[in-house]
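Structures given as structure tokens follow.
Across the two complexes that follow, subunit A remains constant while its partner is subunit B and subsequently subunit C.
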Partner chain A sequence: MEFRPILSALMRSKVALVLIGLQIALTLAIVSNALFIINQRIENMGRASGMNEADTFMISSLGFGAGYDVKNAYAEDLATLRGMPGVANAAPILTVPMSQSGWSEGISLTTTQQNSDVGVAMYFIDEQGLDTYGLKLVGGRNFTADEITHRDVRSTSWPNIVMITKALGERLWPGQNAVGKQFYLDQEKPPLTVIGVVDRLIMPWPNISNRSGDKNAYEFSMMVPQMVPFGLQTRYLVRAEPGRVTELVKAVEAKLAQTNTSRIVREARTLTEIRAECYRSDRAMLIILIAVIVALLSITALGIVGMASFWVTQRTKQIGTRRALGATRGNILRYFLTENFVITTIGLALGAVLTYGVNLWLMQAYSAQRLPVLYLVGGMIALWLLGQLAVFGPATRASRVPPAVATRSV
Partner chain B sequence: MFSYYLQLGFHSLKRNPVLTLLMVLGIAIGIGASMTSLTVFHVMGSDPIPWKSDKLHYVQMDSWDPNRAYDDDDQSMPPDQVTYRDAVALIEAGKADRQAVMYKVAWPVQPENRDIKPFQSLGRATSGDFFALFDTPFEYGNGWDRAQDKEHARVVVLARETNEKLFGGQNSVGKRVRLNDVEYSVVGVLKEWKPKIKYYDLTNGSFSDPEEFFVPFNTAIELKTPAAGNNNCWKNSAEGWEGYLESECIWLQMWVELENATRTAEYHSFLDNYVAEQKKLGRFPRPVNNRLPDVNQWMKDNRVVSRDVEIQLGLSFAFLVVCLVNTIGLLLAKFMRKTGEIGLRRALGASKPQLFMQHIVESGVIGISGGLIGLLLTWLGLMAVRGLYDYFDSVARLDWPMVLATIGLSIVASILAGLYPTWRACQIAPAAQLKTQ
Partner chain C sequence: MLKMNHLSKVYRTHMIETHALRDFSIHVREGEFVAVTGPSGSGKTTFLNIAGLLEEFSGGEFFIDGVSVSGLGDDARSRLRNEKIGFIFQGFNLIPDLNLFDNVDVPLRYRGFSAADRKRRIEENLARVGLASRMKHFPSELSGGQQQRVAIARALAGSPRLLLADEPTGNLDSLMARGVMELLEEINRQGTTIIMVTHDPELAARAQRNVHVIDGQVTDFDEEPRLRVPENGRDTVATTA
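After this line comes the complex of A and B, so read on.
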């Protein structure tokens, strides 16, 4: 190929080479790192919660007045909710996945263990909880109605049975069946026995930073057979029959307010809304990064078009001369395409270094992960294509310069 | 001379409208992106109470688990809240110029007026010093005093909106308000008070709105009001509310006002002594680690400016550099095309400095136009950011310093970008260019 003349021509306009090369290098560094962040966010946002999100919503009731009885409220409200048309099931709850608020505890396997390193999210439910959340039982059994107790928020004792998620069981007793196993929440009190295992139920805070290195730590959840009011506040999860969740939110709100007037019914939120809110900043980052990538690629492409047009104009006379000396249109076209390829490649070589420089900064300052080489290669291919596409227009224009130009003085 | 150069600049820019548009848009997009993220960064990180932020100190004591640091990510960081026992001891000692313990409560408000439905309201149970500590502006009345703190007075300070809702914005001092079935007498009503960052309680959302009412801390404790904010325990506590108050659970925020560095040092050693005393009682099993960060330090510790915002800032400025490199290339192309004209001007007697000025002015014109469009893009960008992050409503807004910075940045950037192409243009030898004409 005609590399030599291209190189010697490039060496004569080093500045232009540096400018385009620098632009391509920076673009590569930003685009590949941004793509990596985007992909991680998408992965994050795509994680299933393990529950039925499409048909469920939660709702809270805050009672007031000396005569307000929380236990009564639970019984009445649950009867009301379960009796409403369109309601598939309802259960008393403390929290739901992704809502960012809830209760966590540390688990110890022995009474002597000094340091509990397994943090777990607590879900307080009754015997209908499993069905209302829409969880899949993969081992053992569900709670029965007579096992459900009322808990004072300040109480320090625990019931003796719980259900846990598969991931938590796998963490505590790798490779074994968790059903029947025991652990401690309070080492001075009796242990808790696992009676059931559910396939999956993520924590209310799925974005926790995870230093222990266990990538399933956000799935460490436990279900406790208790109803826990917060002061005079009770909270319920309602599962609607498919497709009726929107209409039911309003109906349930109105119904609860009407059955007992000495309370405030509030916080009716569907799981779809809760999910959107939980991942709002991930989604925002995603959109911002995509916008940056699009803008960056456009600017770089326009820059290449601008510079290439300038070169074509500057070299009109040489092009004419080459044509007059027998070069075909294809030769001229190929010359400019190859020239762009050479510049882009030089830029990309610098860009590869810069890319890992940016990645290193992200790793040190923000404990990001190392960039897989795939992103770098993908970014490079994209920029090679972009360069060729951008230069194609000016190169075609160059190939149309008539040989007669050589004979004119300007 | 300047206006002549300006005229020449405009004339030259009009000759290649497409190239000019490319340059202006390039700068505008770069400026728009970087100023959008810079504004968010600047407002988020800006001092919410500049006149006394260095005098306000958050109190941190390491009362945590001997086997495990409070913060996994930063082991040297003591817990971000204090226990009830410690808060009460520090308030009673009264060693600071002003001191306030506080926590968030959620109570139903039951209006006398039956037409207004009861509603849930978020309030803050705190010490009487709170209002002077944070210079909250009062519309009517005042806060309560330390004596009322001691006697668990049933008094309340209402935020402006709450007073609007309950009393139609009238002076309600002396009137009664029913909260969670207990009657309080209104002692004060705040003016509009909405710090952009809720710096006085960063443990419950840095961008939340301030509370709707304020009541004495001891009153809320007497009524066994649980915290509506974060609560963390490392040790199991005894049964019931009394057991909870005696426990090692942390759920209170504490601020002190200290006039100067000497007072701060004194307070710090007071804290150290306090912890040493407590260690004798078997508490505070970890090494002594007390901190008194001021407002700005506390905001940094809590990452009020999030990682994403910092990454966005870095990315957007890298993006601006790409836009500038792009502009340099295009300007170079443009000036090199004018070699004939430059040669002619040189031959007619224009000196190099004059030519230099002329072309720098031309770059400046591009900069100003890019800056103005960039300002518009920044405004649009901030609107988009507000839509993307709902809680950024107060921080993603342009202020005058940022408008000026935007225009300034674009002029500086475009002149910087213009320097090299201009210098190249001035190197043109007149004779060589005129010959071929």
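After this line comes the complex of A and C, so read on.
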């Protein structure tokens, strides 16, 4: 191969080399980091919530008037909902995964711990909550009806039992069975005992892992056996029989409005809609990043095509001379492909440094994760291929320069 | 060494046909120094291009070193060119971004010689043209005469049997032209066959044999090589058929 003479010839065309090298370096830095971000977003968007999303929807009602009794409303509504045809189950809730709104607390394992380092999402449910959400119990037991209490939203008291997710149990007591273990939400008050463990239930704000050091932090959830109205507002999760969710949304809205006229029924949203809304900005980011990647790769490819075309035209006589001196068409083709490989490699070497520079900046400014080497290597291979592909046309044109050009005076 | 029988070359466009060579016959023997002369547009360069396998011909027969060129593919022509023919161009045709060492190396790389062999050949031939000390210099740092010497070193590095020179002194002043011509004569004395295209009668007179071309045909052909007495009077070369 002609690496050395090609490199030494390129060193005499430094401006072109620097410009195209910088373009390749910048493209590698941006494309590698953008691909990493895209992959993370796709991974986030594809996370299972742990609950039955396809058949569930959330609905709220807001009572008005002095005589509106929230506890009574809970009892009547739950009886109504659970008795409706097509409803598999219903439960009082405060929030659902991905809704971006909810209640969180910090957990301590001792009464002396100064600051909690584990933030937990609180899901307030009754004994039907586990079934309505569609959660999978993997240890201990569910709440019983007599363990469910009503809680005032301003209250600071907690029940003495909870259920937690497997991820939270593993975080608090690595490698141990969490059932029967205790922790504190309020160090002034008695500890809470874990009676059950569910396989998975993600937080209402699932992107929290981006800001936390723990990659499973988005699954740190706890179920509390309480019904918590916000003032006169009650909220329910309804699980429809498979395939009937759309039909039931309207039916349930009408039924709740009909059974109690002292309230406004609102916010009927399926989990499918909630998921879509939760990740709307991620999808927008994906589109923008993909557009940036396509634009950058196109500009880089066009830059390579332009430069190679210019060099082929500029060196027509030189190519003819090489042919006259015995170069085959294949030799000429390989020369330009090799030249591009050398330029791209120089650009990629600089780009590798720049890539981790950009990644470091993203880590500091946006709490991004460290870029895995795979993305850098993938980006480099992609740009090598892009370079070879881009230069192939001009190189083929160069290989067709006839050797007789060498003897032409113009 | 080179034999053309009734060769023709026709350039065709959709409107006209141009007969650059017609019924062109020539026989150049091993070790000869032949000058091809003729006015501009007579077909000298076309002859040189065909002789050097840079262009294909339209009809007739053409043999190099006993090998029929008809029907050879592009790669085979490139290999034959690389192994048997050395080129010296009027405009030197050195590659400006390569130093002298790398310029001379160009045809050797295509030949597939080992790195050590290439190095030896480059150093030997640059020394032969008196430029051994300038190996790391670039063409732009040399005079025209020196550049043509590098081109000669490049042409000789692969030990070709035939050297084709296209107006080798056309871009040089008389002093430099004389130096280059003396170098070519010395190369010829050492056994390399040379065909030189020129329109300079003085240079042509120094060749062993002259071929005059007009309108694509050989009009005047010294059948037998002349005895040539170089200016220094020391060597006398007589090559016969």
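Note that in this section the second predicted complex is superposed on the first by the 385 of 410 C-alpha atoms of A that agree within 3 Å, B and C clash if a C-alpha of one lies under 4 Å from a C-alpha of the other, contacts with A are read in each partner's own complex, and residues count from 1 in each chain.
One rule holds for everything that comes next: contacts are C-beta pairs under 8 Å (C-beta built on N, C-alpha and C of every residue); 3 or more make two chains touch, one makes a residue touch a chain.
Keep in mind that this is a model prediction, so the values were computed, not measured.
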Would you sort A:321 into first (subunit B), second (subunit C), both or neither based on which partner it touches?
second
Regarding the shared-chain residue A:310, is it in contact with subunit B (first), subunit C (second), both, or neither?
first
Tell me the contact category for A:62 with respect to subunit B and subunit C: first, second, both or neither.
first
Is A:295 touching anything from subunit B or subunit C once the two structures are fitted on A? First, second, both or neither.
first
So, A:342: does it touch subunit B (first), subunit C (second), both, or neither?
neither
Scan A:280 for contacts with subunit B and subunit C and give back first, second, both or neither.
first
Quick check on the superposed pair: does A:27 touch subunit B, subunit C, both, or neither? Answer first, second, both or neither.
first
Footprint intersection on subunit A (subunit B / subunit C) at 409
Per the touch rule above, subunit A residues touching subunit B in the complex are 15-16, 19-20, 22-23, 26-27, 29-30, 34, 37, 62, 64-66, 114-115, 152-156, 186, 188-189, 209, 211, 230-231, 233, 263-264, 266, 280-281, 283-285, 287-289, 292, 295-296, 299-300, 302-303, 306-307, 309-310, 313-314, 358, 361-362, 365-366, 409-410
For the complex, give me every residue of subunit A touching subunit C.
2, 5, 8-10, 12-13, 317-318, 321-331, 402-404, 406-407, 409
In the complex, the residues of subunit B that touch subunit A are 19, 22, 26, 29-30, 33, 67-68, 72-73, 106, 108, 110, 118-120, 180-181, 225-226, 236-241, 243-244, 306-308, 310-312, 314-316, 318-319, 321-323, 325-326, 328-330, 332-333, 336-337, 385, 388-390, 420, 424, 436
What residues on subunit C touch subunit A, complex-wise?
45, 48-49, 52-55, 74-75, 78-79, 81-83, 87, 89-91, 93, 95, 97-99, 102, 105-107, 109-111, 138, 154, 158, 166
